[in-house]
Structure formats: C-alpha cells, structure tokens
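Structures follow.
Here come two complexes built around subunit A, the first alongside subunit B, the second alongside subunit C.
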Partner chain A sequence: MGNSYRVALAGNPNTGKSTLFNALTGLRQHTGNWAGKTVSLAQGNVLYKDKTFNLIDLPGTYSLFSNSNDEEVARNYIVFEKPDVTVVVLDATSLERNFNLALQVLEMTKNVIICINLIDVAEKQGININERILTNRLGVPVIKISARNKKGFPMLLDTIDRIVTGAIECVPVQTTYPDDIEEQIKNIEPKVSELIGNRLSARWVSLRLLDGDEKLLNEISKRFGQKEGSE
Partner chain B sequence: MSIQQLYSEAQQLSTAKLRDDIVQRLYERSHRLCREGIKYTESRRDTRTEKLDAIFTSPIFGFPIMLTMLGVLFYLTIAGANIPSSMLAEFFGSLEIYLSAFFTFIQAPDWVHGVLVLGLYRGTTWVISVMLPPMAIFFPTFALLENYGYLPRVAFNMDRLFKRVGAHGKQSLTMAMGFGCNAAAVISTRIIESPRERMLAILTNNFVPCNGRWGTLIVLASLFMAANFTGGLKSLVTTGVIVGIVMFGIIVTFFVSWVLSKTALKGVPTHYTLELPPYRKPKIFDTVVRSSLTKSWSVLMRAVKVAAPAAILTWVFANIFIGDTSILMYAVEFLDPFGKLLGLDGYIMMAFILGLPANEIVLPILLMGYLSTGSLTEVDSLVDLKQIFLDHGWTWLTALNMMLFSLLHYPCGTTLLNIYKETKSKKWTFLAFLIPTVIAILVPLIITQTVRFFGWL
Partner chain C sequence: MSIPKIIKLVNGEKGNLIRITSLNLDGVMRRRLLDLGFVAGAIVEVIRKSPLGDPIAFRVSQTTIALRKEESSRIEGVLMTDGE
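The block that comes next holds the complex of A and B.
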C-alpha cells in the first residue's frame, strides 16, 4: 500500500504518549512485532484523508543513550526501522527536562514533530508556550495538544500529512558541542559517511562512536555487516 | 575500513568527559529553549501534589495507607465479584442442560458428549465464571490508581526496603504489574537499567499472585478460611487472608532477593532517579472501559485458549482406562505419597503439573480430577464445591497449603518463555523455575509437619 505511513511516538514516560496513541487509534489497537526484536509494541492505525498512518507506541524513555533495554528498543526503531515521521511527545509542564530527549531525536532523524502535550494543565499553571519561536529554533514543527481532551489533533494529523507528502521539509537544527568535540566529529564524520552512506546520520553515528556506544556499534555491524560483504 | 576500526579510532580521539559535555550541552540548549519560548504569567505552583505527597509518602502514614489501599482493592474485587460469579456459573449451568439435551437428541456417542460438554464446556465456563468478574473489577480499579499517579509513590515508599535487600526500588512497580500477569511483568522489568537488579526482579516476580491464581486463592480462602462467617464479614475475612498471602509473597520476595544478592547476584544497588509525576485526575470512563474491555478480554482469551485443550486432555486422561484404572489415576497414585508429605494430595500435584501452561486451569483440572472418580455431582454452587473437597479429605490445612503452593510455585509456561526471551539464558530460566519450586515444596512441608507434630489437626 503506497498510502500507508509509519509514525513512531517517542517521549518521556508519563507524558501522555499512550493517551495520545489510544485517543488517535481508538480501541482498534493491536500488538505487533517487528523484525529483529522479540518485543511487542502497540500499533494502531489512523485514517486521515486518503492515507493510513500506522502509529507505533515506543517505550517511554528519558534519553536515548541506550542505558537500558527500553532506550535501546526506542532508539533502534527510530534509527534502523526508519519511521516516516517520528513524533516526540513532551510534557508541557516540565519542558526543560523533556527537551533533552527531543534534541537527541533531532540528531538521529530528519522528519520529526515536536508535540507538546498537557497544554491544558500548563495553561492553568500559567505557562505560556510560544510554539513559533520553538519551531524556529528547532527547525521542525512544534505543535501544542491536549491528548486527554482531544485538542490539537487536526493540526497534528495535518502536519504529519504534510511531512509525508513533502509539503513541509524538516531541517532539524543540530546541537553544537564544545570546540574540541566538534573537532573530533569533523575528524571522524567523513569516514563514517563513507562506510554507512546515508543510511544513518553520519554526525550522530560519529558522536555515538566517540561516546563509546558499543551497543550501537554491535547493532550496526549486525544490521549492515552482511550487506557489505555482498556489495 | 570496518566500523570496528572506526570505533577504536574514535575511542582514541575521545576523552573521558565527552559524555558529560554532551549532556551538559543538551541541557544548556533545553534551558535556552525554555527561556526563549516560554513565558510564566503567574507562578502558581502545583501545591496540591506537594501536600498529597506529604501524606502518601510520609514515613508514618505511607505504609498504613498503602496496606489499606491494597486491602480496599482486594475487598472490592472479592466482594464485588461474588454475585456476578455465581450468576455466571448458574447461567452456564442452565445452558449445559440444553447442551446435553441437544447431544442426546442428535444421538451423539457418550464420549463426544463427555469430551465436549463435560470436558471442554465445563472447564472453560468455569474459568470464565471464576476469572471474569474479579478481572473486570480489579483491572479498572488498579488502572485508576495507576493513572492517578499513586504507583510511583508506592515505589518511593518501598525503595528503602528494596535497597536493604540489595534490589532496585523500581521492582515494586514490576511487582505491581505482576498482580495482573507475571508474563507481562517480566517484560516490564526493562524499566530497571542495571542487569543485576533486573535479574532479581525477574526471578522473584512470580511471588506476586497473578490474575490466574486469584481465582484459586479467592475460592479457597472463602471456602475454608472464612467458612464460619457470613455476609459482609465473610468477604472481609477472605480479604484479610488474601492480604496475608500477598504479604507473605512479598516477604519471600525480599528474602530471595537478599539471599541472591549475597550469593549468585552479588552487588550493591545502583542509584536512580524516580520521577514522582503530578497527581492527575484520571479520565475515569476511558480508563475503565479500556482496561476492562481490552485487558480483561485479552487475559480471558488467553485463559480460554489454554483452558480448552487442557480441559479436553484432562477428560481424556480421566476416561481412558488401562486395566481398571484410568491414566489420570495412575499419575495421581504415583504423586500421592509426595503430595501427602506436603499436606496436599496426588490430585493437587497433578493439577499443578497439568496447569503449567496457565495457572487459571489448576482449579478446574483439580475439580475434574475429583469428579471423574465416581461422585459425579453437579457443581452449582460453592457449597457443592466445598463438599467435593471435603469428600476427598480436605481440611483447612490442605487449603492453606494449596494456597501457599499456588503462591510460591514455578511461573506459568508463558512467563517462563518470556523469562527466556528477556534473559536469553537457559541457566537463569531454569533457576527461575527451580527457586520457586523448592520454596513451594519447603514451606507447605514445614507447615504440615509442624502441625502434625504438635497435633493441631
């Protein structure tokens, strides 16, 4: 089916990710497996215009440094299974802590939507969020919703739609690191690029290699290793 | 150049403080984003959450409140499930008459009627009428507590105890999952980052009675432990017994964790940050509908899928004779001396062995075993049920031992499978089977021998 697109939901635990998932998919959810990992993630379909969005509810995590199994599962899905769009759900009442995860996702993949949830609670607490400034700083759409009250869904779905049709292009603004780290990245990035092509973000992989992320290293050699032999 | 070579090259370039620098930059940027993009018009803090936390996580009230919540949850489940359970049983019972009549009408052979009605139909409807009502009450109520934000407070309260036995505080969250289903809880141990503490959580999870064992525990507690009480008091006593059983399971969890962290899984518990989210009023209707519809339904389907073949198998075993003894009886007689040692009997041991695929079917198999040997009474009410047990020499001690064995014994097949998938180790999966089994044998053995020694029975 050419009209079916995969949309992954990432986010910190307890940000209402599953509420959003259930509200969008209704009760028509079912658990599905995907290749390589024997864990079941909740999946469900949303029909929008002439398209089907296949939503995948990733485990809630605080970061994606593969400290725990959950983080690895979420990270691997975003990086290797390459969903058409990754929606990062943030809690409007504790954005400062939540942005950390969003910034990591922006390094990993291009088509990202930042979805700020619990906006009703935040407004009650006197928190006013200017999504235009945030969109501008991050380079990807920032949308405010309230999953509990089903507010902001049309905007969210429309944005997903416009990303998959190419009407919007996401240009994630990368985090810049201290000069010595940037120097190291510059050193290693061309070689990474040569090795993995454009299958993964070379900058991100370089950063992970510098950080000593052995789990990612193993995952890359496992997934790309055989292909290289035949090429 | 391979990725491995690149990795070692990167490692030579890299410095030890790189991760710190990265994380610091991410937080700096998060902070800047918030400063630029967010305006706080009024600084109204969430004081309600703070006030509630002062009560729920207080050193004095924390534990009593937790115990009360647990008690209330069980009481609601037990008292509320009573009537719908007997109504369902009655309904299925009356339907059985028509079914039997239909089989007589089409002149089906006796064995077809036996397999399909006495085996399959009775077995599965029993599972449905005993399991469905408690699930339909327990899951939604539990989900409401979960959505409200109470569970992380439980983890907070329990943290010190878990630390002391060398385990991880988040283990109380995976244990809470275990009340629903141990197999799911084993997967949920992924929230524990340290492999050592995660293994502890996996190995001890089945000491929390899962939904499949609820039926057994509730039925036995109300038949034998609360036998002399009536009405509301009966449910209260039953609840007390169940809370006691659950507490015992928790004590065993602590004990096993402590022993393991001193021996096979040596180590010091890691530090972690536990987020205490604000209390949120749950969407009551959504939560109730979702958890009763989806969760109860899927657990029930699993129960029925396993119960159906097991029921047929048991009926067949009970009705195929070698000489003048059925296959089932051979097994029962073989297991009987060992069962008697534990204050149980051969039928009970047989039921637990055949019940390996799912705990839900242990009691139905046991009943079918008892009923297959002569007195073919119709089980219309719990009174009849008790008579069946009494006819086979049951006392309160038998009931207590069976409850304890059910609480402590090896995890069900699905759980074991999940443990293997999660640990990817045959050794640890085997230990997850062995440790509970040994404990489940020792505890009733000690109790029975003590009771007999002092002549209390």
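The block that comes next holds the complex of A and C.
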C-alpha cells in the first residue's frame, strides 16, 4: 500500500503532546508533569481512512536552537528526518510563550499544523481564540483541540490527511528580520542553497550560520557527507 | 515619577514589576533567556527571593522562572511599581 506517513508532534513542555499522542494511538506512554519527561522518541500508529499515520512524540522544548540535548533531538528530527507533517502543540492559555517555538518550526519546514490544545481550559478563563485569523496570518492550518476530552480530533486527522494528499498547501509565514540581517541573508542564501540543494531550507540554514550555530554545521557535514564540507 | 528608574533584575524587591530593556549576555545563555520570555518589552514580576537572596523567582509570561544572580544581574529594566 505504501500509505504510511510520519507525523511529528512538537511543542513546549506540558502542553499535552503526550496526552494527544496517547489518545490518538491508544498507547500508554508515560506522561508526567515535570520537565524532560519525554526523553526518547515514542512512536505509535493511527489508522485514518486508508492511511497509517506514524506519530512521533518529540521531547517538549521551549526552543529548537540546540541549547540542550532535548532541543537537538527535536530539531534534528524535524529538519533532517523530514516528517510528512509536523504538528506543533500549543497551550491555549499561554500562547505568547508557545508561539516562540511555533514560529521557529514555521521557519524550518513547510508542512506544519498549529494545534492549540487545552482549549476548554482557556475558554473557562475567558480566552477566545480565532483560529481562522491565525490560519490566515500563519499560512498553515490552525486547529483547536482538547486532548484530554478528545475534542477536535476528527478535524486534526482530516487536516493531516489533506496535507499529505496535497489537498492543502502550507505556505508558512516567514519572520522578517531587521534590514542588516536580511541583507546578510541575501548575501549567503544563494551559496547555501548551492551546497545543500533543497534538502533543507536555505533561508533557515543561512540564519543559523549567521547566528554561529556550529552544532548545526557539524550535523550537516555528518549527515550529508564530506563532499561539500572541505572548506 | 518623571525619570524612569532603570534597575537590574537582581535588585528587584518582591512584588516589583519590571519592564525589561536590555539583556547584557551573549551566546547560549542569552538565547535561553530569550526563549524563556526574558525579552525587551516583557514585564517581569519579582515573585520571591531565596533567604540568601539568590536565586530569585520571577514571573514571566505566565510562568515562574528562577534565575541566579549571574544572570539576573545582567538583565536591566524599568521599575514600574514599588510593590507597596
């Protein structure tokens, strides 16, 4: 059949990624309310229509700049293993904090779904979220769910389905930086693009290079071989 | 009231609200603090101080984060209240 697709779950710690993972896959991966609970990558399958979605539960992080092991694992998976869809799970009660990671993911990869979890809790706090406006601004589907109460799952699964079949095209919004940075990106992006082709987003790699991200450089030469890494 | 009072986070008293103006840190620690919400313009509340004054717990974008003075002495902001 070959109808298997990889779907990665990313998000801040304690946003309910593992709850969502367990509810969808029927597995009982241990979850707990403390930092770094999801250490290695848990995987499980969801059958939907004629397809199998292979869910990967990434470690919860505030960022993906490889400040720590967790962040490196999550970052490398999204960038190098290239899941068919990356679902970023956000805590509806703390969107400002959570969008830091979401915007980073939108810079790294194309097929992204923003999944706003704990929507029931947020509504009780009087927080109203207009997912249509967010979808328009971000250029990718935004879906509200409650993983604990299994609300919003049909919409989420249907959206994953429509992305992998190409019915929806994601056009993630790109963060615009101050002029001097944009200028430098313009200078190095063509060269980066020449070296890595379309294996990674050239704009994103350029940004990481400007930031002096040596770990990423090492990872690239490790994975793509030495042929272009000889100075 | 006219001149904004700039203080370092480490010198904040319990209850103070401080609007961050600058982070005098580089590299990974700067990145980490930005990720945790210590960005220019953000309002931080001093939640509590340890008995010896270090670390100090701050409330930043709805989460409590404790910083040691190595970091909190390098973050500056405008004091918004006296916490009386």
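Everything that follows uses one rule, which is that the second predicted complex is superposed on the first by the 211 of 231 C-alpha atoms of A that agree within 3 Å, B and C clash if a C-alpha of one lies under 4 Å from a C-alpha of the other, contacts with A are read in each partner's own complex, and residues count from 1 in each chain.
Quick note on the criterion: contacts are C-beta pairs under 8 Å (C-beta built on N, C-alpha and C of every residue); 3 or more make two chains touch, one makes a residue touch a chain.
Computed from a predicted model, the values in this text were never measured in an experiment.
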Quick check for you: in the superposed arrangement, does A:Q174 touch first (subunit B), second (subunit C), both or neither? neither
Is A:N45 contacted by the first partner subunit B, the second partner subunit C, both or neither? neither
Subunit C versus subunit B, contacts on subunit A by residue: B
Taking the superposition on A as described, I'd like to know which of subunit B and subunit C A:N69 touches: first, second, both or neither. first
Does subunit B (first) or subunit C (second) touch A:L103, or do both, or does neither? first
First, second, both or neither for A:K191, with subunit B first and subunit C second: first
Would you please give the residues of subunit A that touch subunit B in one complex and also touch subunit C in the other complex? 65, 67, 93, 96-97, 100
What residues on subunit A touch subunit C, complex-wise? 62-63, 65, 67, 93-94, 96-97, 100
Where on subunit A does subunit B make contact in their complex? 13-14, 19, 22, 27, 29, 38-39, 59, 65, 67-70, 73, 93, 95-97, 99-100, 103-104, 121, 124-131, 133-134, 137-138, 148, 175-178, 180-181, 184, 187-188, 191-192, 194-196, 206-207, 209-212, 214, 217, 220-221, 224
With touch defined as at the start, can you tell me which subunit C residues reach subunit A in the complex? 28, 31-32, 35-37, 61-63
Residue numbers on subunit B that touch subunit A, as the complex places them: 1-4, 6-7, 9-11, 13-15, 18-19, 21-23, 25-27, 29-31, 33-34, 36-46, 187, 190-193, 275, 277-278, 280, 283, 286, 289-290, 293-294, 421
